[in-house]
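Following are the structures in question.
Each of the two complexes below includes chain A, the first together with chain B, the second together with chain C.
What follows is the complex of A and B.
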C-alpha cells in the first residue's frame, strides 16, 4: 500500500509540471486559438537564464522575478515573431512559425550554454521528509506550491481585475470584445506574456529536480500536450487533475509493469480520450451556428 | 563556380603531398552531450601527449622526424554519427590511425568500416565488452585494438567488491543503451561465475534522459537490496543517486567506471559520496610522472579537476603507444603500424603503467590479444566530496609500482 502511495505521490508531483506547461497552452489558446509549439524551449531557455543569474551571484529574491520577466519577454517575442502576422492573415502559419522559433531557441541555448546537463542550485532542501508514510523532498513540495500559486494568481487576475475581464471577454468572443473597445491584439500579447511567465515558473520549479540542459523540456512538453488534449483546452482545473492523474499513472505503471512500459497507459488514455471525448474530458463542446 | 571547383580539386591533389611529412592521427569521441566528460578528457589527454611529442620535434620515423597532425571528429555519442565519421576516415588515403570512441554503440556502428580498410584504431575509453568480442571468430586479422579496462574486468571487480562487503542481496540497474545492456549481461555472468553469492532481487532499466528513478529504486528497495550494481552514464547515474537519497535508502552504488564522470559527481552532489567503481587512473600524484601529467592537464585546460581522469590518462598513454608503434614500423603506413603494435619491442612508459608488449598477434579465438588492460591495471575508486579517491589505500602502492619507470 505504501508503495502505491509513494509512486502515486512522486508521479503526481511531476504531473503538476506537465499541468503547468499545459496551462501555458491554454492561456494563449483562449485568446487567440493558437498555441506555442515551442513552449518547451521557453521553459528550457528561461531555466538557463535563471541559472546564469544565480551563477552571477544575485540573491534569490532577485533571481526568480528576473527569470519570470525574461519568460514574459520571450513570450512576447514569440507572439510578435511567430503568431501576430499569421493571425492577422487568418492563416495557420503560427504552427510552423512557433515550431521554428522553438528550434531557433534550442540552437541558441546549445551555443550560449552548451549541451551539457547542469545542476541547478536551490536554497530549498533535497533532504526527504516523511509525510503520512510517503517520502517527499521539500523541492518536490515546492513544485506543488509553485504550480498552485502561479495558477491561482492568474485565475484571480482573470476574474477580479479589469484587464483580466478584458482577457475573458476576448476569449469568449473576439469580435464582440473589439466592438466594446478592447484591443484584441493587446490581449493576445498579454496572454503570450503570461504563457511565457508560466513557462519560466515551470523551468525554475523543475530544474532543481531534473537539472538544466537543452533537452530538459522535450519529454515534459510531450506529456503536457497529452494533458492538454485529454483535459481539453478550456479548463485550468482540468489540466491539474489530468496532469496529476497521468503522472501518478505513469509511475505506478512503471513499478508494476516494468520501467519499459512507463509511457503506455498514458498513451492509451490519450487515444481513449480522443475517441470518446474529442474536446477533452473537461472541454466544452462548442456549437457553432452557421 | 568552375574556378572554385578547380581550386578545390587542386587543393585535394595537393593534400597528400603536403601531408607526407606528418603522421595523420584522427581523434574521435563525443565532445558534447552526456558523454562529453569522457570524450573531451580523452581528447585533451591525447592532445597533451601529441603536443609533447611535437614539441620534441616529432616521432623518429626512419631517418626523419615526423610531427603528428590531429584530425578531430565529434560523434556526439550517436551511433549514426559514429558510422558516418568512420566511413569518412576509412576513405582518407593517408590516415595513419584513429584513437577514440567512448560509446559502445558508436564502436559497433563504425569500426567495421575501419576494419575493412585495415586502418589501425585504438579504442579508448569505450569499455563495453561487445566492442571487441564482436570480432571473435569472425576476423582472421584485426586492425582494432582496445586501450581500456573492458567491462568483463570491471564487472568482475564490481561483483567482487559486493561480495567482499558481505552483501547478499543486490539490484541491477542499467540504461537501455548498448553499454548498459551489455553491462547487465556481464554482471549476471560474473555473479554466476563467482559462485552465486549475490542474489539479484531486481533487474531494472531506464532510458537516457530519465530523471525520475523512483519506480526502479522502489522495486530494489522492496526486494531488500543492500547494494545497487549499476551500468549507465553520468546524468542518469546522478538521478539514481538522488533518488536513493530521496527514498532514504542506504544501499551504495557500485558500478562501471562511469561513476567517476564529472557530470555524475556534480549532479549528485553529496548523494554521490561512497559510490564505488573500477578505475585505471586516479587523479592523485602517486609518482612524479603522474604529478607532471595532472599539473600539465590542469594548467593547459585551466581546470582544477580533470572531468574524467581515467579517459584523460588513457588518451595520453594511447598516443604514446601509438607513437612507439609508428617509430618501430619506421613508416606512417597504417598497416605497418598495426603490425608493430602487435609486437611492440620497447616498453612504453605511461602515466597508468609502463606498457610492456600490451598487444600480441590477433587470435580470432582470444580477444585478450588486442586488449591492453589486465585485472592488475585496475583499482576500485570511490567518490568523496566531489573527487575520486582510492577506496583501498593499499591500491595506491600497487598502481605506483606499475607506473614506476625502471
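What follows is the complex of A and C.
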C-alpha cells in the first residue's frame, strides 16, 4: 500500500510538469486556436541553455531569468516563423511548420550540446524528507511550488492587468477584440512568448530530476499532449488535475508492468478520452453554427 | 479527347515502362534496391495522401501502419510459415482494421487534436513493438527470410517487378477512386462537412473509410518493406520517419498521384543526398537560387506576402551556409530535412507537382472531356401530382435550449403536402434554430418531429437528409473547390449504386455511373439556368449564381421537403426575381417547401401560409395578408404600439439574422 502511495505521490509531482507544458498549449490555443507541436523542443533547448549559463558560473538569480527570457525569445521565433503566415491564410499549415521548427531545434541541440543526457545541478537538496508517511525530496516539492507559482502569476496577470484583459478579449472573440483596437497579432505574439516562458520553467524545474538530453523533448511533450487533449484545451484547473492523475498512473504502471510501459496508460487514456469526449473532460461542447 | 488520353495516360504508361525496363539494362544491385524502395514508398505515400491531401488532416500515424504491416507480414512468415500472398493480405487486413479503429474516435476531431491522436498512436505502436518481446523480439529486431511466391523463390529483380506492379495497381485503383463519387465526397467534406452531411453523403463514414484505405496501403507497403529488408526493428518506425513521410507528400504535392511518386523518390534518395557531399551542395545551391529568384520576383510583383518570399531564401541560405561550415552532414540530418521542408512548405505550398502541373497545363492545353447531353428533367426530378392537404412535416411542442437561452420554446407547426410554408420573425426569434433542429444539426431539448407520420431522425443531418429533408444555408455552404456540376453530382440521389461499394470503385466499375450522373446534374443546372457554368468552380460563380446553385444541389436530393434558409438574402433585385421564379418552378414539380425569409415581398409572392415566431414561440399563423395585419406580429416587429394601420414587417427588419 505504502509503495503505491509513494509511487502515486512522486508520479503526481512529475505530472505537474506535464500539466505545465499542457498549460503552455492552452495559452496559445486561447488566442489563436493553434499550438506549438515543437513545444517539447522548447523545453529541452531552454533547459540546455540554462545549463550552459550555470556552467559559465553565473549565479542562480541570474541564470533562471536568463533561461526564461530565452524561452520567451524561442516562443516568439516559433510564432513568427511557423504560425503567423498560416493564421493569416486561415490554414492549418502551422501544424506542419511547428513540427518542422521542432525538428530543427532538436537537431541544433543534438549538435551543440551533444546526444547524451547530462546532470543539471541545483542548489535544492535531493535528500528525501518524510511527509505523512511518504518520502518526498525538496527538489520534487520545488516542482510543485514552481508550477503553481508560474501558473498563478499568469492567471493573475490575465485577470488584473490591462494587457491581460486584452489577452482575454482576443481569446473570447478575435474580431471583436480587433474592432476595439487590440492588435490580435500582438496578442498572439504575447501568448507565444508566455508559452515559451512556461516551457522554460518546465525545463528548469524538471531537469534536476530527469537530467537534460535531446530525448527529453519527445518524452515530455507526448504526455503533455495527452494531458492537454484529455483535459481539453480550455481549463487550467483541468490540466493540473489530469496531469497529476496521469503522472501517478504512469508511475504506478512502470512499477508494476516495467518501465518500458510507462507511457502506455497515458496514450490509452488519450485515445479513450477522444472516443468518449472529443472536446476533453473539462472542455466545453462546441455548438456548430451555420 | 484522344489528345487528353494520350497525354495523361501516356505519361503514366511511359513512366512505368521505363521503370520496369531499368533492371534489364542496369545490373547494379544498389540501384535496384533504391528503385524497390521507391516503389514501396510510392504505395505508402499514396496512402498517406488520402488523409493529408484529400481529407486535409495532418496524419502522423502512417509510419506506425508501415511498421504494423511489416511486423504482421514478418510474424506470419516466421511464426505461421505463411506464403507471401497470405502474409501480405494479413498485413493489409491489420492496416485496414487498426486504421478503422483509430479513425472511429480520432476523426471526430479536427486539426490539432487529430494530429495529436495519430501521433499518440505512433508512440503507442513503437512502445508495443518494443515491449512485446515474446512476440516481436523487442529491440533485438525480427529477422525473416523472404518466402517464395507460388513455390518460386524471387530474385531481387523479380521482387522489384512485383513491387512496381503493386504500385501500378495502387495507382490505377486510386485514380478510379478519385474519379468517382468517393473522390468528390472527399473534396466536398473538406470544403463543407456540414453541407456534405446535409446532402446525405455522410462526412464521417467517408472520412473513416478514407483513413482506413490509407492505412491499408500502409499495411501493404509494410509487408513489402519486410520482404525487402528481411530484418525489422521497432526504432525504424518512429516519429522521425513519420515526419519524413510528411515531407515526401508535401514536397511532392498533395492531392496528386504524381506528387506522391515524386515525394517517394525524394524520401528514397534522401540518405544518398546526405552522404554525397557534392550532390548535397548542388541541390542546396539550386534550391537557394530558385528561392532567391522566385522570392525577388514575388516581392517585385507583390504577388505573395513578403514573409513567403523571404523565409524560403533564409531557409535555403542557412542550408547552403551550413553546408560549407559543417564537416559531417549526416549529423545534421534532421536540421537539413527541417530547412528543406520549411522552405517548401512556406514557399511552394502546393508542392513540386502542384507547381509543375500549373506550368504544364499552360504548355499543353488539355481540353476537358466533353459533357454528355443533359437527361430529361422528368427523369431527374419527376413532377409529382400532389393532393394538397394531408400533413407532411409535423412539429409538436419542439424545444431547444442553449443553457438558459430558450431559442425555441414549444413550437408546433404542420406543413401540408404541396405547400410553400413561410417562416418569419424578427432577428433572434428562433427561425434558424427551428430549421437547424428539424434538419438534424441540433438535437431538440424536447418535442417531436415527423415526416409523413414517421418520426424524423434526431440530431443527425445525414440521417435527416436520408429521410427526405433537404436544405440550403443562410450563409452559403457550397463545395467551393468543386465545379458547379460536381456540386450537384455530390448530392444526386439513386444514381450511384456500384459507386457506393469501395471495392467495386477501386476496380473501376463505378465509371459507367459517372456519365449518367453528369447528365442528371447538367439537367438540374439548366433547370436553374446555370447550364453554361457547369465547369466553373463554385467559388468563382457570382453571388446570385451561388444561391441558385445551392437550391439546385438541394433539389438533386429529390426531397419530400425542401427547407430554404433565407434564399434571397443579399440578392440584387433582378436576381431576387429570378430566385423566386426558381422556387416556383421547384414547387411546380411537387416539392413541398419551407421558406425562411425576411423580404416580405418574396414571402407574400410565394407562400400559401406563413408562421411567425417571436422569442422562440409561435405568435401567429395564416395567409401572408392575415399575418401582416396580426397585432402580435406588428408588436413583435415594431414594439408595443396602439392599433394602427398595417405595416410591412420587412421594412422593420431589413438585416438577415
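Operating definition for what follows: the second predicted complex is superposed on the first by the 281 of 290 C-alpha atoms of A that agree within 3 Å, B and C clash if a C-alpha of one lies under 4 Å from a C-alpha of the other, contacts with A are read in each partner's own complex, and residues count from 1 in each chain.
The rule is short, and it goes like this: a contact is a pair of C-beta atoms (placed from the backbone, for glycine too) under 8 Å apart; a residue touches a chain by one contact, two chains touch by 3 or more.
Owing to the predicted nature of the structure, the values given are computational and were not obtained by experimental measurement.
Participant: Looking at the superposed three-chain arrangement on chain A, would you call chain B and chain C a clash or a fit?
Facilitator: When both complexes are placed onto chain A, chain B and chain C end up side by side without any clash.
Participant: Regarding the shared-chain residue A:117, is it in contact with chain B (first), chain C (second), both, or neither?
Facilitator: first
Participant: Please indicate which partner A:260 is in contact with in the superposed arrangement: first for chain B, second for chain C, both, or neither.
Facilitator: Both partners, chain B and chain C.
Participant: Between the centres of chain B and chain C, viewed from chain A's Cα centre, what angle do you get? Round it to the nearest 10 degrees, please.
Facilitator: 100
Participant: Is A:6 contacted by the first partner chain B, the second partner chain C, both or neither?
Facilitator: A:6: touches chain B, not chain C.
Participant: In this superposition, which partner touches a larger number of chain A residues, chain B or chain C?
Facilitator: If we count touched residues of chain A for both partners, the winner is C.
Participant: Would you sort A:135 into first (chain B), second (chain C), both or neither based on which partner it touches?
Facilitator: first
Participant: Quick check on the superposed pair: does A:211 touch chain B, chain C, both, or neither? Answer first, second, both or neither.
Facilitator: Touch status of A:211: first partner only.
Participant: Taking the superposition as given, does A:184 touch the first partner, chain B, the second, chain C, both, or neither?
Facilitator: Neither chain B nor chain C is touched by A:184.
Participant: After the superposition, what is the least C-alpha distance between chain B and chain C in whole angstrom?
Facilitator: Once the two complexes are overlaid, chain B and chain C approach no closer than 6 Å between C-alpha atoms.
Participant: Could you pull out which residues of chain A sit against chain B in one structure and against chain C in the other?
Facilitator: In chain A, residues 218, 258, 260 are touched by chain B and also by chain C.
Participant: Going by the contact rule at the top, pick out the chain B residues touching chain A in the complex.
Facilitator: Touch list, chain B to chain A: 32-34, 36, 176, 204-206, 209, 211-212, 214-216, 218-219, 222, 235, 238, 242, 245-248, 263, 266-267, 269, 271.
Participant: Within their complex, state which residues of chain C touch chain A.
Facilitator: 56, 58, 102, 104-106, 108-109, 111-113, 115-117, 119-121, 123-124, 127-128, 130-131, 194, 239-240, 243, 246, 250, 305, 307-308, 311, 331-339, 341-342, 345-346, 349, 402, 432, 436, 441, 473-475, 477, 565
Participant: Could you pull out which chain A residues touch chain B in their complex?
Facilitator: Of all residues in chain A, those touching chain B are 3, 6-7, 10-11, 14, 114-119, 126-128, 130, 135-137, 209-211, 213, 215, 218-219, 251, 254-255, 258-260, 262.
Participant: Spell out the residues on chain A that touch chain C in their complex, using ranges where they run on.
Facilitator: My answer: residues 29, 34-35, 37, 81, 84-85, 88, 92-93, 95-97, 99-101, 103-104, 106-108, 110-111, 218, 222, 225-226, 228-229, 258, 260-261, 263-264, 267-268, 270-271, 274-275, 278, 287-288, 290.
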